[in-house]
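Some structures are shown below for you to check.
Next come two complexes, and both contain subunit A; in the first it sits with subunit B, in the second with subunit C.
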Partner chain A sequence: MNELVFFINNVVIAGSVTGSIYAIGAIGVTLIFSIMRFAHFAHADMMTFGAFMVLLLTTLFPAAGASIGVPTALIMLPLAMVLTAALAVGIDKAFYKPLRAHGVKPIVLVIGSLGVTLMLQGLIRLFSGTGGQSLYVDDRKEIFRLALPFEGVRAPIVITEPQLYLFVITLVAVVALHIFLNRSRLGKAMRAMSDNPELAQASGINTNTIVAVTWVIAGGLAAIAGTLLSLDVTFKPDLSFFLLLPIFAAAIVGGVGHPYGAIAGGFVVGFAETLAVFNWNVLLRPFRDSLPAWLELPSNLAFVGTEYKIVVPFFILVAILVWRPTGLFKGKVI
Partner chain B sequence: MSNSTETRDPTYTPRDATPARRFPVREVVLFGALLGAILAVYALMGAAYSTRMLVEAACYAILALGLTIQWGYAGQFNAGVMGFVALGGFCAMLFSVPVNDAFWGTELPGELGRVLLYGVAAIFLVVGASRLDRLGVPKKLRTLITIVLALVLYLVIISQLREVTSQIQSQAGFVGGFGLPAWVGWIVGGALAGGVGYFIGHVCLGLRSDYLAIATLGIAEIIKAFLKNSDWLTRGTATVSPLPWPTPGPAELGFTLSRAVYLSITAVVIAVIFFLLHRAYHAPWGRMIRAIRDNEISAAAMGKDINKRRLEIFVLGCILMGLGGGMLGTFNSLFDPQGYLPLNHTFLVLVMVILGGPGNNLGTIFGAVAVYIIWIMSEPLALFLMQLAVSFGEGAFGWDAPNNMDSRALQARVLVIGMLITLVLRFAPKGLLPEKIAHHG
Partner chain C sequence: MSLATSPTPLLEARDVHGGYGSMNILNGVNMTLNANQVGVIVGPNGAGKSTMLKAVFGLLHVNQGEILLNGQPIHNLPPNKLVERGMGFVPQEKNVFPSLTVKENLEMGAYLKPQNVKRMLEQVYAFFPPLVEKRHQPAGELSGGQRQMVAMGRALMAEPSLLLLDEPTAGLSPLYMNEIFDRVKQINAAGVGILMVEQNAKQALAIADKGFVLAAGQNRFTDTGAALLADPDVAKSFLGG
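Moving on to the complex of A and B:
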């Protein structure tokens, strides 16, 4: 049983955490892709920017959360979302819109977004330094240990406070997005534009508004993902290139331009990562006595070491591009 | 290509129209300014430093030529130049470093070879299992058997490999080199980079161009992670140095002269590459590549095999990057996997290409040297400006500056590179020396 608890802690909980973060990030990437038809490489740095805004606000007002009983960082999250959304709209106005107006190929927009990612990286590191910092400035990270009511189980299931918030916020964000896309006028217009931009424009949809709304949603979601990631571990300004690959892999696995697919893809990539670095020998340990004698298991049965974690999303990406380039849920555009 | 020429009049050889001769004012002015800048650096920083800068700029010019083939000629965007550069550097290290007797004198090479042989055998087994449907096995069952077999064999091989590599690490330090001349490593590095490029290109080139950018970005980080963590092969973060040069080293000739000799080698390599690329660009092959870039559908309608040509040119670019990476690694005389950064080895090269003129070889070389000089000189400038800002802040507002200002000042260069990319794309999308497009008719 202890082994099972270990499995739950290291795979089920850790996989859901990374999966949720990738999912929220991938939704933003896939929305931008379906409206503007290019892979937005600056997304991971928008996540970092959101987290950095939370860090700044939290250091400014460290005691704001204590009065309500939640971490200050969470109180500051809506404000950071607004700031990141404003940044996203501003970046679009300043850098992507002129390029679109020139009618360049999508790949030039990709290069432009790489330029933007470097600018954001430079700015964030200029102000925050290059080291890691905790978002818990004044308050303490609560850790819950749930002891299981079975005999012989010594290890508890460990879950931290930010992880609980993460699950709740992911759920809220996904439901809100679903309602927005299916019920509201703007959401329906967005879906129309993702299906066929010319037809949408001809039927009187203001494409400029849709583009701005897309950036607002993508920026807000990026701030959520970045903040939750930084709450779970620490705020690091140099994560972006490591986040980009899993997020894009998630978006492509789910079918590009397909928001629900992106959620599924995020969890597929997140769980694949945690399953690949999990040491399977732990699960086989209880059966050690019943295994045949010639079978001598090495102590480390993980598929890849943690230092090679980035290999997992890459091979998922390659596999999906080879066998099913439209993604699991048949993306609309490819 | 060959079948299309057969139907033509055999006396007709297609050739680019000779452009109207005009005095190349722009080229002369730009290269004159570049020469002036180089002379100024020589006057300010001394001959040894400036020659080093020139050699590095020359190595970067090879990388930039590789990228200009991919981006300028064919419109493929490679966001992982760093990975191919690192592969070239690794091969240069592996082939030129002296033989490590602590490794070769023991039974460890045999052990390593045995594990590698097992690996090859396992690959054959898995490939065989994936063909089981030809023997009448149902397809679903075949897929299941293949996946389970692949996972189990992978675990067996990888655990044996871990055992051997940890033994190598504890007994011999690392594998060591082959003790061959450095240029063998450069060639093999180019070939290895080309092989990786073939794999990536094969997967991605038939799809949207964005996918290639994502995949190359990923493979670059993977290559770096592999080189950084395989201590048995590369000594990882402990770094390997010195790497022997193919030319007489500084100990024999002094810094300036030895670097100048190395510079002449790189200059010869660049001249050869430049000549061959120039020929290829104006040959029917080059015209076909540009036709595919500018209008894929009509090129396909003319019977050109688009995916094959694209793969060809992508691999060619990657080979040049591997070669340049090898020359750069040998010159630095140090193999440090952590020294490979996306900023220095991917985005700097990208700026060189798009600023100099994608698709224009001369412009690319100009961009490489000019941007590298600015890049090198921006380091002391950034530190100086930051110092100025800090002292101003302390004097005027009593601001207590954090103590890691130096590392932050260097981050300002990230900002500048990013701004350069976006500004050039917007205001000078063809670069300083635009590609000359010959018009026929």
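Moving on to the complex of A and C:
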């Protein structure tokens, strides 16, 4: 039973945490692709920017959350979402829109977004410094330990307060997005434009509005993902370095341009990562006596070492591009 | 004829030149269509028929000449502005949103008039009954004829005064073809001007008030539909004898 608890803590919870963050990031990437048809490489830095805005606001008003018993960082999140959405719209106006107006090929926009990524990283570093910082400035990170009511179970299931918030916020974000895309006039217009931009225009849909709405949603979601990740671990100016590959892998695994695919892809990549670094030796321990004596199990039986975690999404990406280039859901072939 | 009695044409194109890049595809096209009329554009492949419809609908840069809707210049206005002014367009290809349901496709047609959606949905369903039971199905899964109904229905949702149709019967079985021609006549009878490109030239000219035979981006013949059908020169070169 202790082994099961170990598995829940290190795979089920850890995988859901990583999966949720990748999923929210990948939704943004996929929405931008489906409306503007380019891979937005600055997306992970928009996530970092969102988290940095939360850090700034939390440092300015560290006690804001105490009165209602919520981490201050979470109270600042909506404001950070607005700021990040504004940044996204501003970046589009300043850099991508002029390129689109020239009718450039998508690859030019991709390169442009690489430039934006470098610029954002520099800017964030300039103000935040290079070290890691906790988003819990004035308050304490609660840790919940749930002891299982079974005999012989010593280890509790451990879940932290930010992880619980992460699950709730992910669920709310996904449901809200679903309702927006399928029920609202603007959301349907967004899907229409993703299907056929010329016909959308011929129906009287103002495509500039849809582009702006896309940036607002992608920016807001990026702020959520960046903040929740920074709450779970710490804020670092180079967060995007660890995020970019997995969220693109997630978007492609799910089928580019497919929001539900991005969610599925996020969890596939998140769980693949945690399973790859999980030490399987622990699960085999109860059966040690029944194993043949000559079989000496190494104490660490993980597929890859934690320091090589980043290769997992890369491997998944290559595999999916080779075997199923349109992704799990049918996405646009790129 | 005095000015007072001459009505402003619904659509007037004067000496229109335009194309996709630097090269012109249209080399001086002229068209006049009055309110409530059916205009039909015929001509060989690559003549510039679709290009002319795109020019009217603001999807093509007009380099020279002018296009007037109810007397107002409209060339080089963006399509969404033209929808506001009462124009509807059904392209030759890719004329539905494949992943949207039939109902959502139709709703997009009334995007600028959301308050009319309910009333217009009822009208379009009554007009194209086969769409009713398909309304929750993605348009990409429909047959060619039903897809054409969705495409026309989407354009009708905005209650246009001028409807542009690019080869609405292309690739359809004769049964659906007649159905679509009947619908076009009905739409016109309800007071909507129609400008339509057609490969089935004889059948289309038979319902046309005005016919325009285009070749190499210019008017070759322009007359009433009946007169063009009766003209032996037109018949010999463009109607297959």
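Going forward, the second predicted complex is superposed on the first by the 331 of 334 C-alpha atoms of A that agree within 3 Å, B and C clash if a C-alpha of one lies under 4 Å from a C-alpha of the other, contacts with A are read in each partner's own complex, and residues count from 1 in each chain.
Heads up, the rule we're going with is that a contact is a pair of C-beta atoms (placed from the backbone, for glycine too) under 8 Å apart; a residue touches a chain by one contact, two chains touch by 3 or more.
The structure displayed is predicted, hence computed values, not measured ones.
After superposition on subunit A, the partners subunit B and subunit C are seen to fit next to each other with no clash.
When the two complexes are overlaid on their common chain A, residue A:Phe314 makes contact with subunit B while staying clear of subunit C. Touching more residues of subunit A than its counterpart among subunit B and subunit C is B. Touch criterion met: A:Leu301 reaches subunit B, while subunit C stays clear of it. Seen from the CA centre of subunit A, the centres of subunit B and subunit C span an angle of about 90°, rounded to a multiple of 10. Shared-chain residue A:Ala39: touches subunit B; no touch with subunit C. Once the two complexes are overlaid on the shared chain, A:Pro78 sits clear of subunit B and of subunit C alike.
When the two complexes are overlaid on their common chain A, residue A:Pro286 makes contact with neither subunit B nor subunit C.
In the superposed model, A:Gly90 makes contact with neither subunit B nor subunit C.
This overlay, made by fitting chain A, leaves subunit B and subunit C with a least C-alpha separation of 15 Å. The interface of subunit A with subunit B does not overlap its interface with subunit C at any residue. Of all residues in subunit B, those touching subunit A in their complex are 75, 77, 79, 151, 154-155, 158-159, 162-163, 203-204, 207-211, 213-215, 217-219, 221-222, 225-226, 228-229, 342-343, 347, 350, 354, 402, 404, 407-408, 411-422, 425-426, 429. Within the complex formed with subunit A, the residues of subunit C that make contact are 57, 59, 78-80, 83-84, 89, 91, 94-100, 104, 107-109, 111-112, 114, 154, 158.
The residues of subunit A lying in touch with subunit B in their complex are 38-39, 41, 95, 98-99, 102, 104-108, 110-112, 114-123, 125-126, 129-131, 241-242, 244-245, 248, 252, 298, 300-301, 303, 305, 307-308, 310-311, 313-314, 317-318, 321-322, 325, 334.
On subunit A, the positions that touch subunit C within their shared complex are 185, 188-189, 191-192, 194-196, 198-206.
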